[in-house]
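Next, two complexes with subunit A in common: one pairs it with subunit B, the other with subunit C.
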Partner chain A sequence: MALMALELGLTNSLLLISIIILTLGAAFSIKDRRIGFIASIIAIVVSVASLTAETYFYGVFVAAIGLLNIFCLYISQNQIKGIDYALVALMVLATVWVILSNNFAVILATFVLVSVPTYVLVLTGEKDLKLEVGIKYITFMVFATVLFLIGSLLLVFSSQVFSAQASPILYIIGYVFLILGLSLEVGVAPLHEWVPDVFAAADAIPISIVASLAKIVPFIVAFKILIATSTPLTESITLFTAFLAVVSMFVGNIGALTSREHGRVLGYSTVANMGYVLATLVAIVRLEFVYLAIAGALLQLFANSAGKIGFFTAIKKEGMGSPFTYALALSFIGMPPLMGFWSKLFITLSLVNSGYLWLAVLLVLNSAISVPYYLRLARELGKGRGTGIVNLIGLLVTLLVIVTLYPPDWFLQGVKGVVVMFGISGISGIS
Partner chain B sequence: MNWSMNEILQLSLMFLVPVISSLPIAIAWIYRPGEEWARKLPYLSVFGLFISLLISLNILFNVEDGFYSYPWIPSLNINFVFVVDYLSRYMGVLTALIAFLIGVYGLEYMKDDYRLGWYWFFFNTFTASMLLVVYSDNLLTLLIGWEGLGLASWGLIGHWFRDDDEITFVGEKGRKVGPLELSWSPSFGGWRAISTIRFGDMPMFFAIATIFALVGTLDIHSIPWHELFERIGFFGSVFLLFLFLMGPFTKSAQLPFSEWLMTAMTGPTTVSALLHSATMVAAGTYLFMRLSWYIQPWNAETPALAVVYSVVLFLGLISAFYGAIVALGLRERKVLLAASTMSSLGLMFASSAASFWIGQIAIIVAFWYLMVHAFAKASLFLVAGHLIHATHDRFCSGDRVFSRKMKAAFAVTIVATLFLSGIPPFTAYWVKSAMDGVMEHLAEEGVILPFYLLVLVSVIYSAFLAKFLSLNFMRGEKPKHEHVENANLMKLAYSIMVSMLFILLYAVSHEHHFVEEGHLVTSFAVGVLVTVSYLIALYKPSVKAFSRVGVFLTDRMYLPFLNDFIIPKIGWFIAAVVDYANRGIDYFFHQAIPSFFDWISRLIRAVQKGYLPSYLRIVAAWIMIFIVAIAIAGWYGWP
Partner chain C sequence: MILVYLLTLPFIASLLAPFLNPKKATHLLSLSFLIPFVGALASLAMLSTQEINLVSFSPPVGDFYILIDPISNAFGLTVCIVSAMVAYYSLPYMQHRFEEMGLGSDEYRKYIIIFGFYAASMLWLVYSGNLVLLYIFLEISLITSFLLIYLYGYGNRRWVGILYFIWTNVAGVLMLIGFIVVALDNSSLAIRDISAISMVAWLLIFVGMVIKLPGLGPHIWLPWAHAEAPTPVSALLSPLTVGLAGYILLRAYLIDPSFIIAYRNPILVYAIISSIYAGFAVFRQTDYKRLLAYSTVSQMGYILIGLCLGTFGLIGVVIQYMSHAFGKSILFMTAGGLIASYHGLRDIRKMGGLHEYVPSLSNAALLGFMNLGGILAIGMFGEFFILRGVVDVFSLANVGLILAIVFIFILSGWYSFYTLKKIFYGTPKAMERPKISRYLDVPLYLIGILSIIFIFPPLITMLLNGLKAVIGGGV
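The block that comes next holds the complex of A and B.
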């Protein structure tokens, strides 16, 4: 216990140190924006050093995605050069922090911490501020955050003050608010209206951050709160989540089929992917298999992030080497041994084990529907064999999705270790 | 069950040696076709046939009755099981001997051929397959041999695949009836043979599979037939037996599957003699005999068996009658003999089927008839081959002058026709008498028709045999060409072949049953009738007044329309249906589904107008809808 406390103490202090580093970096980047760049990288590396053994692979993936985001920002222009790196580093810190913490207040804070920096980032662009995009995005994010926070509070309140059986209504409403808030935040249909517009109109690099790094924390927060407050009631209300997940998969995949703009296609692709990830929340009804669901959800989010960063960079730089675009497309489709295959495999297994066979079948069916537009993206964005800076990013994201060439049992085992600690201190549930 | 290695070794040698001994010529002909040294290799093939003959003789005289088995797939209870009993003992020798004699004949008959490798490989493969069918007790090994027969039959009928020699065709070239030209080439004949036979083999295969699934064994002697029939009931039994018998019916060219046998005459005469009269076509009747031998239908009052055996009885008799009158009208040497073969096969089926009422003796009678028919008909075919070589004519022709030049052929034809038609006191008379006896017994049981049909067929049969003799050697036209050569090997072969009938006569005279039946008044009366019809036909082989009937019979009562017109129409109809289905599937997957998804996709994207207020309204509406829906669900009793 003492060792654990010491470890936690060390973790917290390392996180604190990295916050100080990135803040100072951001401040001094007014002098030279390369200071902000380097300080942010150092802050991310320090935060990774704070990880425990079980969360190590998770942290490395998150850091890799954050570094890729920073690198993409580095090779493009915007109005807040220097600060933008620090915003991404802050999001990485929040994403690392959320997996480690059991503190309800900290968890809610991380949710806000990854949300708010994107408000700023989405406004930026090569030449002008993207005001219309920003307003659309921020409006819905505020809406989402409010719903999510109210839902979280209601859930925790219902399991703290009353027992859930005594006040089912409070639990149900809290659950629905939380799921709706989450859906609006990440872009699950039918609350997805902002996604295709924003993805098509915003600058490609900032939106790639919204599509990648910003998606991870909301789901982990949702998992932690739902696991901590789960009651026998969860089993019946879960159908609501399953329904939203299915709608989102179909709307996303079918909507992408006839979309022409690449950004719009990626927007619908995000809607579909968020459907897949949302589906994993039904696994809470069988807590012994929830580690499969979380592993699947995380891998799906990582694969989605890698793909989105790669494709948006390709849009920004008007093309990328076709081997990379095809590797990303095949990962999205779910071709073994790429990461997209393993994530869908774990998700499907968790759904089957939770008694949601029909949902698993629909998920596989959706993977088939998605084939045409991913291959179209790969063909239209992939040009030549690829050289130059854009292909360096292509190579890096391809390495990220191909790392599962070694079957990711290692990741599964890590998640299994983390899930034991999932929950919120002081609240009944799994712990 | 006997596990003696010695017998197994002999049997496997008997099956393998013919095939192995034909490989040198087959391989040589691929690389050095037509070279002088290659033309010597067929002697090796015939030597292989000789080895098989020796082994079959050894089995006849020295091997005890019994079942000889060697493990194959023990986990499924499927083994190589071979039977030596009354039927296989004689049938084996008959097959090996006829194959060997025709092999000798073929050495000369085929010596200038352009495809010797093909010919001898399939000829010897055929012999091995037939021997496998004869000695197999296991239905799976039997099926392997059975399919070998079909394959060899296809290969040999279509041997002259170039279709460039009119002498190899069947039917008059250019003769049109309605939309059809009644003329068939070797390649067409081969295709027709294999397609008809496969049509029967498929149901037979499923029947065998069903039997295995139901009783777990494929050894004919150990299948509990009567328990099986009881288990699957009346309709099941009838259905299963007919599925099975589709194989024998097609292979033995019973109605309406007879046409392939007629156009099989496009193959070399040696093939017609061995496959399409003596052995392969008899395999169908032989299999029926073997089944009946172990089913023992006379021991059971099963209604299903009564139905099946009645149908086989009448199908056989009707086919016999059809074949006989068609043969009466035909003037093509080999096709006439083919029709007569079909007639004889019908009689074999009918007599075996009578075993249901009469007992095992009916099968023995049918089997003896099979043997007599095999030697006599093979002799006649070999003579016909010689005649075709000598006259370059497929149609009957020959007068007394010609017959003086073909003394051996003339003599052999006289003996073969006399011994086969049932004229007392020659071989077939005694066997046919026993068959008369069988049918008379049936009449006592209240089934009168078969006896009269049999007498009628016998009379016609004797008439066309005499007609064949007369038109080729006595009262026919003078041949247009005469190339009488010194064909000593051929003469030797058919002389030995026909002399086997004397041995059979000697054997028949030691079978009390045949001798007794031959001394009955009815039998003798039938014999006299047959003799009279023989003499009349000999004196007047063709009657001008009946020429129109003759044409109708020559055209085989227009049965070719079934094969060449109606069935192709059905085939094209099915093809059209499949084509429409294909287009439907194509439309569904390439048009309907994509455009459906296209439509849905546009519907989904129609929401994206770009106005923030309308988006807000939509989102707010959805959230309200969900909350209200959940509230209603809760109202109506949340669990």
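The block that comes next holds the complex of A and C.
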């Protein structure tokens, strides 16, 4: 216990150090933006050093995605040069923090911490501020955050104050609010209204951050709260989540199949991918296999992030080497041995284990109908040979999706170790 | 044990090949398949059965291991020899195709690496001891073959490529869901740890594999894909890839035959109808490669039929796979030989009497059709065991069924000689006598000779003893 406290103490102080580094970096980047760039990288590295053995691979993936985001910002222009790196580094810190912490206040804070920096980032652009898109995005996000926070408070309240039998209504309202807030935040249909518009109209690089790094924390927070507050009621209300997931998969894939504009296709692809990830929340009905669901969800989020960063960079710089675009497209489709295959395998295994065979079948069917538009993206974005720097990013994101060439039992084992600690201190579910 | 190292050779060779000139690259790749061929043959001769762990994986996925037994050796040696020969054949053929498409000969580097991975993934598939591993190799073979069609195919190659990809991907994922249900019931996907396959899982695997095989109905993708693929790819797709669906069904049957036993009669009727329908469809074709594709659908019906006929039928499935692979690869290569010699000649109505001009291809085609018809080649044993299976399972009294199956065999021989007559015999049309590269005909004869010496001891006794040892039954 003492050792654990010491470990946690060390973790917290390392996280604190990285916050100080990135704040100073952002402040001094007014002189030279490279200071902000380097300080943010150091902050990310320090935060990864704070991780425990079980969360190590998770942290490395998150850091890799964050570093790629920063690198993409570095090669493009915007109005807040220097600060933008620190904002991404802050999001990385929040994403690292959320996996370690069981404190209710902290995990809600991380939710806000990954959301707010994107408000600023979406506004920025190459030449002028993207005000119209930014305001649309911010309006939806504020609404999402409020719904999510109210939902989580209701859930925690209902499980602490009353027994589940006493306040089923409160639990159900809380659950629905939380799921709706989450859906609005990450872009699950039918609350996906903002996604295709914002993705098509905003600048490609900031939006690649919204599509990648910003998606991880909301799901982890949702998992932690739902696991901690799960009651026998969860089993019946879960159908609601399953339903949203299916709607999202179909809306996303059909929308992407019928859109031409690349940004819009990627927006719909996000809607579909968030549907796959949302589906994993049904696994809470049988906690012994929830680690498969979380491992699947995380890998799906990482694969989605790698793909989105690659494709958006290709849009921004007009072309990338075709081997990279094809590798990303095949990972999205779920071809082994790429990461997108393992994530879907784990997700389907967890769904079947939770008794949702029909959902698993629909998920797999959806990844089959997504084939044409991903191949189209790969072909159209993989046209030119691309410039050196774009191909470097292409190479890095491709490396990220092919690390699973070695079957990712290592990731599964890590998640298994972390999940036993999932939850919120002071609250235990009645299941 | 040595075989495992030999199996890695094709992957290594495919990665090295792009750095060599086309001729050396081809020889290297072919050699990398011939060495494991010898290994598989030796392993078959020794009746060895081994399991070699690769990676351990926690439940519900289970350990990844290499499964060596006479069945995988029989499939493995077929994959090796056909891939090696088709690799030789690719050298002049693809150079001809690149010229036709206006691509430089540098394109061969890209081609050989994709081709090598395609063939190697099929080889690994038949040695996979875990269903997830098996699925991984199935999908690698799908991606690579899709890319080859998409990049170098004929006609509307992009459309055909995507058609092929979607159909076979749906087949693959249905099978995967089946596997996942298996994982739930057995909490492992390692073949040695699976004790039962539930009806739902069997249904998903079966439907998936019937799409891939393909049976009548879902077969619509096959004539397009096999006809429009560049010929060396057709010569792997049709002989090797689709039949692997039969291999997967065979493995599932050996774990738990409940589904096939429960629905034996409907499956058998469906398989017979599928085989006869496709057999007659052969006569209607005017494109040589499309004709061969329909013949594949008909031949794959044999595999489904064999699956319903107990232990003898299963032995028939393995031999049928080998014989069809030998025969069909030869035939697709003769079609390719004509395309390369006569500038894209595929229309049968413009052919006739070609024996006069291309005797070496004509004789090779005869060897190929002998395999399909089961005449003096290994296909003979395939037909024998299928018939033995009918008698065993349904008894001699069921004359109608026996006649139907005999009719399928006759139909195969019938369309074989009909095609031979249309293309190679009869009155010669006014054509020139082309010069044919040795690479375009010698590989065909090597496969043909192998298919004939396989009906004599010691090869046939070795094969049958091995299959009997795993599958059971008196031979």
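We adopt the following convention: the second predicted complex is superposed on the first by the 425 of 431 C-alpha atoms of A that agree within 3 Å, B and C clash if a C-alpha of one lies under 4 Å from a C-alpha of the other, contacts with A are read in each partner's own complex, and residues count from 1 in each chain.
We take it that a residue touches a chain if its C-beta (ideal position, glycine included) is under 8 Å from a C-beta of that chain, and two chains touch if they have at least 3 such contacts.
From a predicted model like this one, the values you see are computed outputs, not experimental measurements.
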item: Combined model on subunit A where subunit B meets subunit C, clash or fit; value: clash
item: Which of subunit B and subunit C A:143 touches, first, second, both or neither; value: first
item: Touched partner set for A:274, first subunit B, second subunit C, both or neither; value: neither
item: Touching partner for A:361 - first (subunit B), second (subunit C), both, neither; value: second
item: Touched partner set for A:427, first subunit B, second subunit C, both or neither; value: neither
item: Which superposed partner A:191 touches (first subunit B, second subunit C, both, neither); value: first
item: Partner chain in contact with A:375 - subunit B first, subunit C second, else both or neither; value: second
item: Clash-bearing segment of subunit B, relative to subunit C, as chosen among 45-53, 81-89 or 207-215; value: 207-215
item: Intersection of the subunit A residues that touch subunit B with those that touch subunit C; value: none
item: Subunit C-touching residues of subunit A, taken from the complex the two chains share; value: 292, 330, 333, 335-337, 341, 345, 348-349, 352-353, 357, 360-361, 364-365, 367-368, 371-372, 375, 406-407, 409, 412-413, 416
item: Contact set on subunit B toward subunit A in their complex; value: 597-598, 600-602, 604-605, 607-608, 610, 612, 615-616, 618-619, 622-623, 626-627, 630, 634, 638-639
item: Residues of subunit C defined as touching subunit A within the complex; value: 55-58, 60-61, 64, 132, 135-136, 139-140, 142-143, 162, 165-166, 169-170, 173-174, 176-177, 180-181, 183-184, 200
item: Parts of subunit A lying in touch with subunit B, wherever the complex brings them together; value: 135-136, 139-140, 143, 147, 168-169, 172-173, 176, 180, 184, 190-191, 193-194, 196-197, 233, 236-237, 240, 251, 254-259, 369
